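Notes follow once the structure below has been shown.
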Amino acid sequence: MSATTATAVPRTEAAIGPWRLRWRRFRRHRAGMASLVVLLLLALFCLAAIPMQHVLGMDPDATDLLARFDPPSAEHWLGTDEAGRDELIRLMVGGQMSLLVGLLATAVGGIFGLVVGVFAGYFGGRVDALLMRFTDGMIALPLLPLLIVLGAVDLTKLGFSSEFARSGAAGFWRIVIIIAIVDWTAIARLVRAATLSIKERDFVRAARASGAGPLYVMPTHILPNVATPIIVAFTLTVGRVILFESVLSFLGFGIVPPTPSWGNMLNNAQELVTTAPALAVYPGLLIFVTVIAVNFLGDGLQHAFDPRSER
Amino acid sequence: MTRYILRRILQALLVLLVMSFVIYSLIGLMPGDPLDIMLASNPGATPEVVEHLRKLYGLDQPLMLRYLRWLQDALVGQFGYSRTHSLPVLSVLVPALIQTCKLMIISFIASVILAFILGILAALKPGGILDGVISLFAFAGISVPVFWLALMMILVFAVKLHWFPASGIATVGDGGFRDQALHLVMPVITLALASTGGFTRYVRASMIEVLRMDHVRTARAKGAAEWRVVLVHAFRNALIPVVTIMALSFGVLFNGALLTETMFAQPGMGKMIYDAILGNDFNLALTGLLFATVVTLLSNLVADLAYGWLDPRIALT
Amino acid sequence: MSAPLLEVRGLRVGFPRAGGLRHVVAGIDYALSPGRTLGVVGESGCGKSMTALALMGLVPPPGRAEGSIRFDGRELIGQSAAEWRALRGNRIAMVFQEPMTALNPVMPVGAQIAEVQVLHKHLGWKEAGENAVAMLEAVGINSPRERARAYPHQLSGGMRQRAMIAMALACEPALLVADEPTTALDVTIQAQILDLMLELQDRIGMAIQFISHNLAVVSEIAHEIIVMYAGRIVERAPADALFANPRHPYTQGLIATLPDPEQRVARLPVIPGGVPDLDAGARGCRFADRCALADAGCRAAEPPAEEIAPGHFAACFKAAA
Amino acid sequence: MNELVALDGISVHFHLGGGGFLGGKPRILRAVENVSFAIGEGETLALVGESGSGKSTLGNVVAGLQPPTAGTLRFRGRTLDRATWPQARRSIQIVFQDPFGALDPRMPVSAIIAEPLRIQGIGTPAERRARTAALVEQVGLPVDALNRYPHEFSGGQRQRIAIARALAPDPALIVADEPLSALDVSIQSQVLNLMKELQERLGLSYLFISHDLAVVNHLVDRVAVLYLGRLVELAPRQLLFDRPSHPYTQALLHAVPRIGRKRARGQTIKGEMPSPLNPPPGCVFHPRCPKAQDVCRTTAPILEPAPGRAAHMSACHFKE
């Protein structure tokens, strides 16, 4: 078969797998790389609270009414708040809360959206129509007022005990869940669109011609191929969720004080804005920096995953 | 076309019906019930009286039945009384709706115009310096917490610089056009900035996409000048997805309006709903939420119609 | 033969990449006389489309065209953007492969044709629109007045390409560059479009540079043919001479591997291997790796184009023999 | 020749929306209309037609990717339905036109080629590895291709990988949907020769879908010509190319460009294929047909032997 044997495969970019190529492209996206560094530093900053609490014995909840609104000092690097609590350690612990809610709510809502999107896209027809009407209905809702209503829902009316309803854990999970409930639609639509296009690709049709069913095709062909847009969408969702959390906590429906979060630290900043403007600036600035870094990271990932951005 | 609009309106009404039930049930899950407040002002009420009132207001009935009774009234325009305002719900809601629409429409138009200018400029040379600056601005707009931005603006422009009033829609005793306009500046900027960021990103992405297309090369091959290629051939195509997203986002603007109105003490829908929820004013909160849903559904419908109108390839049937 | 309308000398199109420029067109020479048809043949990546874009001044950035393109006595390389614009669509026009994507989807077809005259002849839209209707009729579209108001998606593939041609010929250019104009079409429609182009050439008298991967299509309409391989012209000859007596091994291979609709053979001859990476063989003949005749000399130096018969050039050390 | 696959009265209609509540008139696209033919063991049948003729849809039906709206499909004498398809799948494989879309970019070549075996549960992992290695060599690729990803290969090499995948479960029939049209000319002949060689060695049948009559002439035994979803001519290759019976086939043959021929003007068939949403009455070819008479506008012709050639079927009132 000498005449039909193809010559050796050109080895130009042979050894480089797709993920290496993407990482290389991402590294060249300056804003994305800078954001990655900023986010790592922010995470370190928030986690540094753990050794400070345990080793240095700093307590984010320790009030000192004699030391309210203290300016920055050797003892309180960023001063104290209206209850005389150390602002720095509260920012660090509050950051843990905000980031954790961001990641968890994205994971819960994202996975739900992923499942809805894949099923709607793959099966089409009635399943698709039903799921998408549902999603459209969700999108038509006035989100923020609804979040507030959900945040105000009395858990005892749903049959939870009143101790649980008042506990910090309930407050934390409540906000994770309600944000997840309202923020899965974007991912569901995106995944559906990606699934629709991939299921018509020839490699999926070849598998189906060999007798592959949905349980084979979805994990083997669909999910790996929708992975890149999903990663980008998840990243952007984290940013949006952090904003949602801050708004809800700010309005008093999110993380319940005294547990700090960046949002609820701004809770009564409005009244204090003239007396202690710094207390209003720090948490907001941290939210802003975190979310903008997350968004630039998403942009960098998008650039790295786009096959057209060769260079 | 008429058939299409009819069908879409029917669909929207169906969604509205389902949503009214969802919202009705959710409101019922908020702490306290209508009687608590009534009783708070009358601590001497005996359990018999409470039971009697419960029956009178139908609160002993199952949820579905109460909902149906509410729906029956709502369909003829009876949304009940606002407890906190002691007025019929609609007479509280309508002025607030007008106020909010004013704020939303001005902000929307401002952000659309700004987004088109910035988005097109950024798309002309992706990766260039101008693109970088505009992207930074756009991402800042998307990423800034609206309430914090409002706070900072109050701090800088009202408290420190005294350029603009910090709250309200008019100064008592003045209320002239200039005074009202000054009161609108900060709310509009706050509200517009958030959506401008998102819109700019969409315009930029859409323009870059279109500028890569074959027909843009054809336009150049005809000898058209670059401004003509961008503004006539590319822009019209880029407009199609962007306008859809913008129309859809009009409803989303409501979220920002709630915060902006709360921060700047503007008597609009957002603040009204917020206060109603805080004050257990069930009828007002429920009706307000429903009207907000209607606004979103309407903007969805407009988005679809705009799509069909802009894109000759889409036949709305 | 009259004085050439177009004279290309040492044309190179390069794109920057790590470690210098990558030349997708690596120095080509040819000429085209008024009213004649030049066929340009080659496989994907041989540089034939980039040559066409260079003629239009439309090499996509960051690519650059160097060398010399003389058109109608003027040097095009290095002229200003405004000078290019005055030329494009006016004296040199282009037809693209995919009429669906090459037409603006949200603009009526008539307006797209009229635009050319508005731009170059400074007519009003109304007058140009009337002319567009006449042109649609001239390219064989029925009820042209209605079609002029239609959007591209409302026309069939064949009609879209006819509209594209009407647009290109709106200012009666001296040179029409057609880049794979029939590749996206079915065979019966391809035949119609080829007929149309020949008919319009008779009427308007423009020269045509017809680019295609399909030797048979080119052979039916071209007076002279260029065969390109990896950015180079390997053979250039009058159409009859090229098919009767191909001299470059690549041309010979291309003709031999083409299945003949009239005759069936047990095994088709093949050209082994694939097109090389443009960076790889910087030295020697670019076809050497796939050539049965190649020897050490072929790998050491790049063969120059030699005139082996009147008007018949081949860039091969073995062709002269 | 033993019959391998037979199509009997196959139609495929697509509903393009409409109908129902406030939906307006339903729109039905008639992609394939009442087509019957059979493919023998070891035979290559070409399905020829222009875009929109329904040839790919018909290929999908044979490959089990598109259930027909009407008609039945037989494989080795058994009617294919829900119960019998799963067994038949390993015997019918498909190769697609676009070698870039046909391979999952996230899978190494070894996993791509072994996929039909994995899905069908054929062999142990070790057996599958051995088979995959053998297949790679059989289609003329180096063994070290197995661990690489599709993006490292050229179009022609990808098409070889796709062929190896189709060969994996040892099929009896390969549906080849325009397998050459996305390839460069010099690569086309390589793949064409490979397909011929594999057929001789393995006794395969091909359903070869193509718009290129010149290629068809080199590979196939019989040719079926489709126009607007209808079978208009079905004949042994030699007969069809020498004496095309249907005016559409004649026009098609005439339109094929040939080296060394100068264009003779005015002989090209007029018009374009109408929309399958709204096919013309009578013979669907009559609006473009040079021979059309009144009968053609009202009565659809049936597929019958051409005068004096029993094996040469043609659907024309004035067949030659």
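As written, the chain order gives the labels A, B, C and D, with residue 1 at the start of each chain.
Everything that follows uses one rule, which is that a contact is a pair of C-beta atoms (placed from the backbone, for glycine too) under 8 Å apart; a residue touches a chain by one contact, two chains touch by 3 or more.
What you see is a predicted model, and the numbers here were worked out from it, not measured in a lab.
Q: Chains touching subunit B and subunit D alike, please list them.
A: Shared contacts of subunit B and subunit D: A, C.
Q: Centre to centre, using CA atoms, which chain is the farthest one from subunit D?
A: B
Q: Out of A-D and C-D, which chain pair has the most contact pairs?
A: Between C-D and A-D, contacts are more numerous in C-D.
Q: Using CA atom averages as chain centres, what separation in Å is found between subunit A and subunit D?
A: For subunit A versus subunit D, the centre distance works out to 49 Å.
Q: Taking each chain's centre as its mean C-alpha position, how far apart are subunit C and subunit D in Å?
A: 32
Q: Taking each chain's centre as the mean position of its Cα atoms, how many Å separate subunit B from subunit C?
A: 54
Q: Using mean CA coordinates as chain centres, what's the subunit A-subunit B distance in Å?
A: Centres of subunit A and subunit B (C-alpha means) sit 23 Å apart.
Q: Hey, what residues on subunit C touch two or more of the other chains?
A: 267, 270, 272, 274
Q: Where in subunit D do residues touch two or more other chains at once?
A: If we look for residues of subunit D contacting two or more partner chains, we find 154, 156-157, 190, 193.
Q: Which subunit B residues touch at least two other chains?
A: Subunit B, residues with two or more chain partners: not present.
Q: In the complex, go through subunit A and note every residue touching subunit B.
A: So the residues of subunit A touching subunit B come out as 31, 133, 136-137, 139-146, 148-150, 152-154, 157-158, 239, 243, 246-247, 250-251, 263, 266, 269-270, 273-274, 277, 280-281, 283-284, 287-288, 291-292, 294-296, 299.
Q: Where on subunit A is subunit D touching in the complex?
A: Of all residues in subunit A, those touching subunit D are 1, 3-6, 8-10, 13-14, 17-18, 201-203, 205-212, 216, 220-221, 224-225.
Q: Along subunit D, where are the residues that touch subunit C in the complex?
A: Listed in rising order, the residues of subunit D that touch subunit C are 50-51, 154, 156-157, 184-190, 192-193, 196, 211, 213-215, 217-218, 237, 241, 251-263, 265-266, 268-270, 272-273.
Q: Could you pull out which subunit B residues touch subunit C in their complex?
A: 213-215, 217-226, 233, 236-237, 240, 310-313
Q: For the complex, give me every residue of subunit B touching subunit A.
A: These residues of subunit B touch subunit A: 12, 15, 18-19, 23, 26-32, 132, 135, 139-140, 142-148, 151-152, 154-155, 159, 248, 251-252, 254-255, 258-259, 262-263, 270, 273-274, 277, 285, 288-289, 292-293, 295-297, 300.
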